[in-house]
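Here is the structure we will look at, set down as structure tokens.
Which chain is which? They are A, B, C, D and E, in the order written, and residues in each are numbered from 1.
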Amino acid sequence: MTLTKDVLIIGGGISGITVAMELAQLGIHSAIVEKETSLGGLSASFCCKASESCNKCFACVVDKRISELSRYPEISVLTQTEVIGVKGEDGRYSVTLKKRKERFDLRASAIVIATGIDPFNASQKVEYGYGRYKNVITAKELDEMLRFKGLLSRPSDGRPPKTIAFFQCVGSRDESIGNLYCSQVCCAYALRLIKTIRHQYPEVEATFLYMDIQPAGTSFQEFLSSCREDKKIHLIRSLPSKVYHSPLSDKLRVRFIDPEKEEVVEASFDLIVLSVGMVLSKGTQSLTETFGLSLTEDGFIAPPSSHKGLFIAGACSGPKDIDRSILHSKSTAFVVHQFLRGRA
Amino acid sequence: MIKAEQKPMDEILRYLNPYNKILLSGCGACVTVCHAGGEKEVELLASGLRMARQKMGKRIEILEATPARQCEPEFAIELSEMIEKVEAVLSIACGVGVQTLVRHFPKTPIFPGVNTTFLGETLTHGVWEERCQACGNCVLEKTGGICPISRCAKQLLNGPCGGSSKGKCEIKKEADCAWQLIYDRLKSLNQLYKMEEFIPAKRWGVESRDSGLRRMIREDLKI
Amino acid sequence: MKAGSNLEKILEKGWFAVTGELGPPKGNDVSVVKRKAELLKGYVDAVNVTDNQTAIVRMSSIATSSLLLQMGLEPVMQMTTRDRNRIAIQSDIFGATALGIKNILCLTGDHHTFGNQVDAKNVHDLDSIQLIDCVRTMRDQGTLLGGEEKIEGEIRLFIGAAENPFADPFEYRAVRLGKKVAAGVNFIQTQCIYDMNRFKEWMKMVRDRGLHEKCHILAGVTPLKSGGMARYMAKNVSGIIIPEEIIDRVVKAKKPAEEGIKICVEQIQELREIEGVHGVHIMAIEWEQMTSKITEMAGLLPRPKVDQ
Amino acid sequence: MPRIGILIDTLQGSVPASFQEKLSAYVKEFPEVIVCFKEDDLNSSDAISRINRYVESEGFDRVVILGGSPKDYEISFQKLKLSLPLNPYLFSVANIREQALWISSDEEMALERAKIIISKAIHTVNSTKPIPTQSLTLNPEVLILGGGLIGISIALDLAHAGIRVFIIEKEDRLGGKAQKVFKWLEEKIDEVEKNPKITVLTQARLKRVVGHLGRFEATIECPDRKEITLAASAMVVSTGYASYRERKGIYAHKRVVAIEEMEKIMAEASGPSLLKEGKKIEMVTYLLDEVNEDIKIDSISAIRQSLILQDLLGCQVAVLCKDIKVSSNGMERLYRRAREKGVLFFKYDDPPRLSIVDGQIEVDLKDTSPIQKKERWPVSILSDLVVIGESFGPIPEAEELSKVLKIHLGPRGYFMEDNPQLLRVRSNRKGIFIAGACRFPQEASEALIEARAVSQEIITLLSKGTYPYDLAVAEVDPKKCALCYTCPRLCPHSAITIEKYGDRNVYTTPMTNKEMKWGAAKVDPASCYGCGICVAECPAKAITLQHLTSEQIYAQMNLGE
Amino acid sequence: MTEFNPKIVAFCCDQSGYPAADMAGALKRKLPKEVEIVRVPCAGRIETIYLIKALERGADGVLIFACYEDNCQFLRGNLRVKGRLSYAHRMMERVGLEKERLEICHLATNQGVRLAEILHQKVEQLKKLGPNPVRQKK
């Protein structure tokens, strides 16, 4: 069997969804190909990070958009589907797809790649003990815990932690693992997590270990100063060098340079949260080969020349938060639309 | 327009204590505009009163009405059918409205549900300020259009007292000194000379509220 | 001669006048008046008798003034428009002059909400300037306010008023004084002065308008008892400005009270030098005993006697 | 009596058959229910056509759907996408899955819940009347305020898409701030001026705006105070930001320059070194984050400039900041390069002290970088030139403009508060969009993406040439309106105006049959989102929401009279 | 003597509360028995009188599920209802009803779990407070 659509969108995350919806509103039919069982991708697992008031994490926007998707008959969604190969070029593409066992072709004039990113695999940073110590988790895992369980607990014993340390730049701005870029979202992301946790669990004490705080959004200044005012949030400019586990107390000891004392200190925490950076998803790497796309020196997809009918949307073109992914996808939709008009 | 604010509910409850069936009447004019006695407030207050009485174990039945303007006799008279059915009336119109009812329904006790506060202007949604005291002979011409009678705590007519400091009034620190406002305005109009003229003692008598009931007769209209 | 009071004569002779202030008792205890009178006698040319100052109920200023007369002091009867409408005012003036009172100070009065009768209904039928106009009419035309009605007998009063150079709008204060002069004021007592520069600025405006020749200006001074008092007045009493350095002097001083007196004396000497200042009005509030010391240190003693 | 058809959505079996049976048994109890049938996937278009057939064959005039969340259905039914046999508002949904089945501990309890929900739904359809839809013609005309980088790129995008564009620029030429930074902007400006679809009004000022989405009428004041009026379907605000730096004390010294000035100095530099008054400049110190900590622009330009200074102009550069902002593509690498080239970076918490030491400026600070060696601080840098960060702010006209356009300002005076629901580029008014630095100062590459997003929004809005909307919005009863101005003040979307002679509120007198016209508030149905804020606040009960009356809300409470 | 299940009227903003309720369902969270969900386009639609009438007509508790500040689809709706709530609270105080019977909770679309929690806590709280004292005997 063969489907025909105006546009094929690879990746059903917030970016893919946005592109599809924007095009649908212009009467352009598209198919979203998503390898997972449901849409939403990474951002769909995020929890609301509001404290007394909204902290502009945009997670709610994702949920809204997903629920709105069914509004559009122009959009057909193919979940659990993967791209196997592509034939043709310059606006006449035939893509071979595989849904579970069955293979089929899809014809499209334009292809948008919105496969997003994977969180950096934290176990590569051996010194932080991720994967070895139960209570060292990634920010994503914490996020899902809050969204689905709705409570904060330590993996090891399920008890609520009193002290949490957030490590920034895990897999970002890090020559040792060859990621010479800033993931751009983690600072605000982690600080918002801290804020919402402090709001729901006032007894919890949070320590934020960072290199440089990267701003995000219009009201970041106010947000940051509200974090600074909070006596139970400690912002320390210093990245930890090592994490030890003390089996008796089941606490985690962290070694870092105290910029005040200018000497190596150790502090112990109940829970450690790693703000993992962004890397291009493994799946996408094979895709780029399929479509003959090149990567930037940071390992994200380099924008192809637009006349080909190949387009990139969202974080796979470089780290982006939800907010900017949506904007970027809208702008991509515009280019796609122009491309199709040009051909018609 | 006329501004008013609702009386404390316990005070109202005290008035109504002896009665078990009343009419709650609002007014569609000024008190509606200042969110004190319109259809909505009638509904709210009625509901609140019923609950309060229910809690006291002394249920009360309340009829609700909101004539377009309670201060016009004809509108007031339209209420007569309802008023015949009740023991008392609670009016959340301004003082005028209350008394219009009083004049037309001699046998029914009529109670006020609001305090009529002042003739004022809306500053923003939910903020009102007094502008006129209906003194009966307007001095605005002399004072650059800003009324010292309603806006100066001492109703001075010949400039600010010694308590005017940094544009504020010493009696109400948050309030502007009326005479500072007058000064600034006349200055911007190049009419400061008006503040050098001596304004003689005001005629509080004849036209004003201090002369007992004020009545206006337009011979040309009333024939 | 408007009234032939001692104060008037001294000012007319061009001598530097000194007036004091006396707050009547919060009751009818005459001994209080006596005590305070003794403290002032011989050190001042006339004594202001306040009219329920800061709206605190006290013995009426008319009664107190006539007691002072019996004790051989000359009163300056203060009268506010806060508590009297024009009927009461004019009848009180009849009474006061009948009792031999020769000086009157026309005031609007502190707002009643500052006092101990906050729920009172204030009057403010006239304002201070209209009061001046009213008294002048009674004195010079011999008629009641606004009426042709002749007064039986004659009113002889030396009319004074207060002015506050430290209130706003500053540029208007001299103009307002002008209004008072036009209304017929003879002498002015100012609010107590600490900010000398602003006062001098104001006096300049007064002179530019030639007002210092149309009325006598007595500069008001109040000795600071303590740093606390200084701070409080600077912060809470609107219409009073106390420069930081003065507050500092009192606060830092080992004996604040003495420092306060010292400052006051210096101020008097400085004020004497200002063209158009014809005297000082010493308001030693509830501290009357200091009046003697101040006048003495300021070299204002002995007070001249004007022949009858 | 209404004739209701019940439609059970089996939702691919997520509602057990036994439960369905119980429900269909229950609905039969209602006299107005005449038929009850099942569907598997209501969101499919063939399902809709089946419903059409049912409607004809069974002849019912209202439909209640028993199924999942109403949002899903409403989206597909009410958004005027599918041709329906009935007015969309004659459908009502009983959410018996999420709100009954799934949240109940046992089926019996679920049934109880479901029954209540269904009876409510039936009440709703009974009490609703059909709500018509209308549509608005939109001419492809857009007004852009501000002809800077963003204004220009939007204008070009739109013009290429065949839209007529007017650019209102207050200066005497296009380009704005970006002229200094981007050489390529020149050709863009050239392109704009050549493009027949774009009209540029320089030295112009927006004076007045009347009308709403699709019918904006803007009065523009041109030089020589001539006034012209333009009609536009949509407007874009891209007025940029203001950057200034108050120069007091040592900041006024000739050896202290702002980043923007530095841009110029370097552009003029010829040869291998940078000269100031004939003397070679050796030490350049950048002092950032003193004013705006949360704006990336400074960090980025500082790193860019420092590389050139260090590499080509033979200077030693030190960059002092609270945080170095590298959160944009490629910046970390540049930062790294700069460090390799020998640029020194210091972090401070308490602001550095500046002092003049024989003609040069000494900068002292406490370095807070996490390092062990004590002797590294306190740092003291004797510099020939100190480059200070800008202080960014909204343009001075922002407030006036916001009043003219009836759009909000955020707490810091930029356009629009930071509300995620606005998706950054939307303003509180339909048809007015915000782009670029007038919302918040940001670096060009990001702002340009935002600009594209705005172009996309506008194309979407204008492409069809019409804007359909249903009248399920707030409506004012002119006879009850007390003209209190509450609703125009409170409407979050500035969709309400007081119409002195609104055509909505015309009524005829019985005797003369003359048309009387009276003043009253008037809601622009196309611009209204139907949030109901005005309804709730109107003191005269003059405003109603067509599809959600008080009576219906009371019914939903299910508390009886 | 059957045990007392408090009757709660839950006003749900269509932008946050209602989807959250759906999510609670989707996550199979059990909700208390006697909860009436009233769906409104925006919390700003909720009039003071609805809150008061709900109590008068015998609701033991009234909850408003609104969006977080700065996250209202209609910008100010959640703030407006906050104001009306304070008015209602003043009235309840005079009537002699416990403030706890009427409360506003801020939610986001994706906080189904939180919504369920809040409802359960509310039920416990209301059980302690006992039935609505002004409920009219029918």
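What to note about this one:
In this text, contacts are C-beta pairs under 8 Å (C-beta built on N, C-alpha and C of every residue); 3 or more make two chains touch, one makes a residue touch a chain.
None of the values given here were measured: they were computed from a predicted structure.
The minimum number of touch steps linking subunit B to subunit E comes to 1.
Touching subunit A and subunit E together: D. Distance between Cα centroids is largest for the pairing of subunit D with C. Centroid distances built from C-alpha atoms place C farthest away from subunit E.
Ranked by C-beta contact pairs, the top interface belongs to chains A-D. With centres set at the average Cα position, the gap from subunit A to subunit B is 60 Å.
Here the CA centre of subunit C is 65 Å from the CA centre of subunit E. The mean-CA centres of subunit B and subunit D are about 43 angstrom from one another, to the nearest whole unit. Chain centres here are Cα means. That of subunit B falls 40 Å from that of subunit C. Under the contact definition stated at the top, the residues of subunit E that touch 2 or more other chains are 15, 19, 47-49, 53, 70-71.
Of all residues in subunit D, those touching 2 or more other chains are 71, 418-421, 490, listed in ascending order.
This structure has the following touching chain pairs: A-D, A-E, B-C, B-D, B-E, D-E. Contacts from subunit B toward subunit D in the complex involve residues 28-29, 32-33, 35, 38-41, 122, 124-125. Those residues of subunit D that touch subunit E in the shared complex are 69-71, 95, 97-99, 101-105, 109, 112, 116, 408, 417-421, 428, 490, 492-493, 529-533, 535-537, 545, 548, 550, 553-554, 556-561. If you check the complex, the residues on subunit A that touch subunit E are 46-48, 50, 52-54, 56, 59-60, 63-64, 67, 147-150, 219. Those residues of subunit D that touch subunit A in the complex are listed here as 43, 45, 71-72, 75-76, 79, 81-82, 157, 160-161, 292-296, 323-333, 336, 347, 368-374, 410-412, 414, 418-421, 423-425, 439-440, 446, 449-453, 455-457, 459-460, 463.
Against subunit D, the residues of subunit E that register as touching in their complex are 7, 9, 14-15, 18-19, 21-22, 24-26, 28-31, 33, 36-42, 44-50, 53-54, 57-59, 70-77, 80-81, 84, 116, 138.
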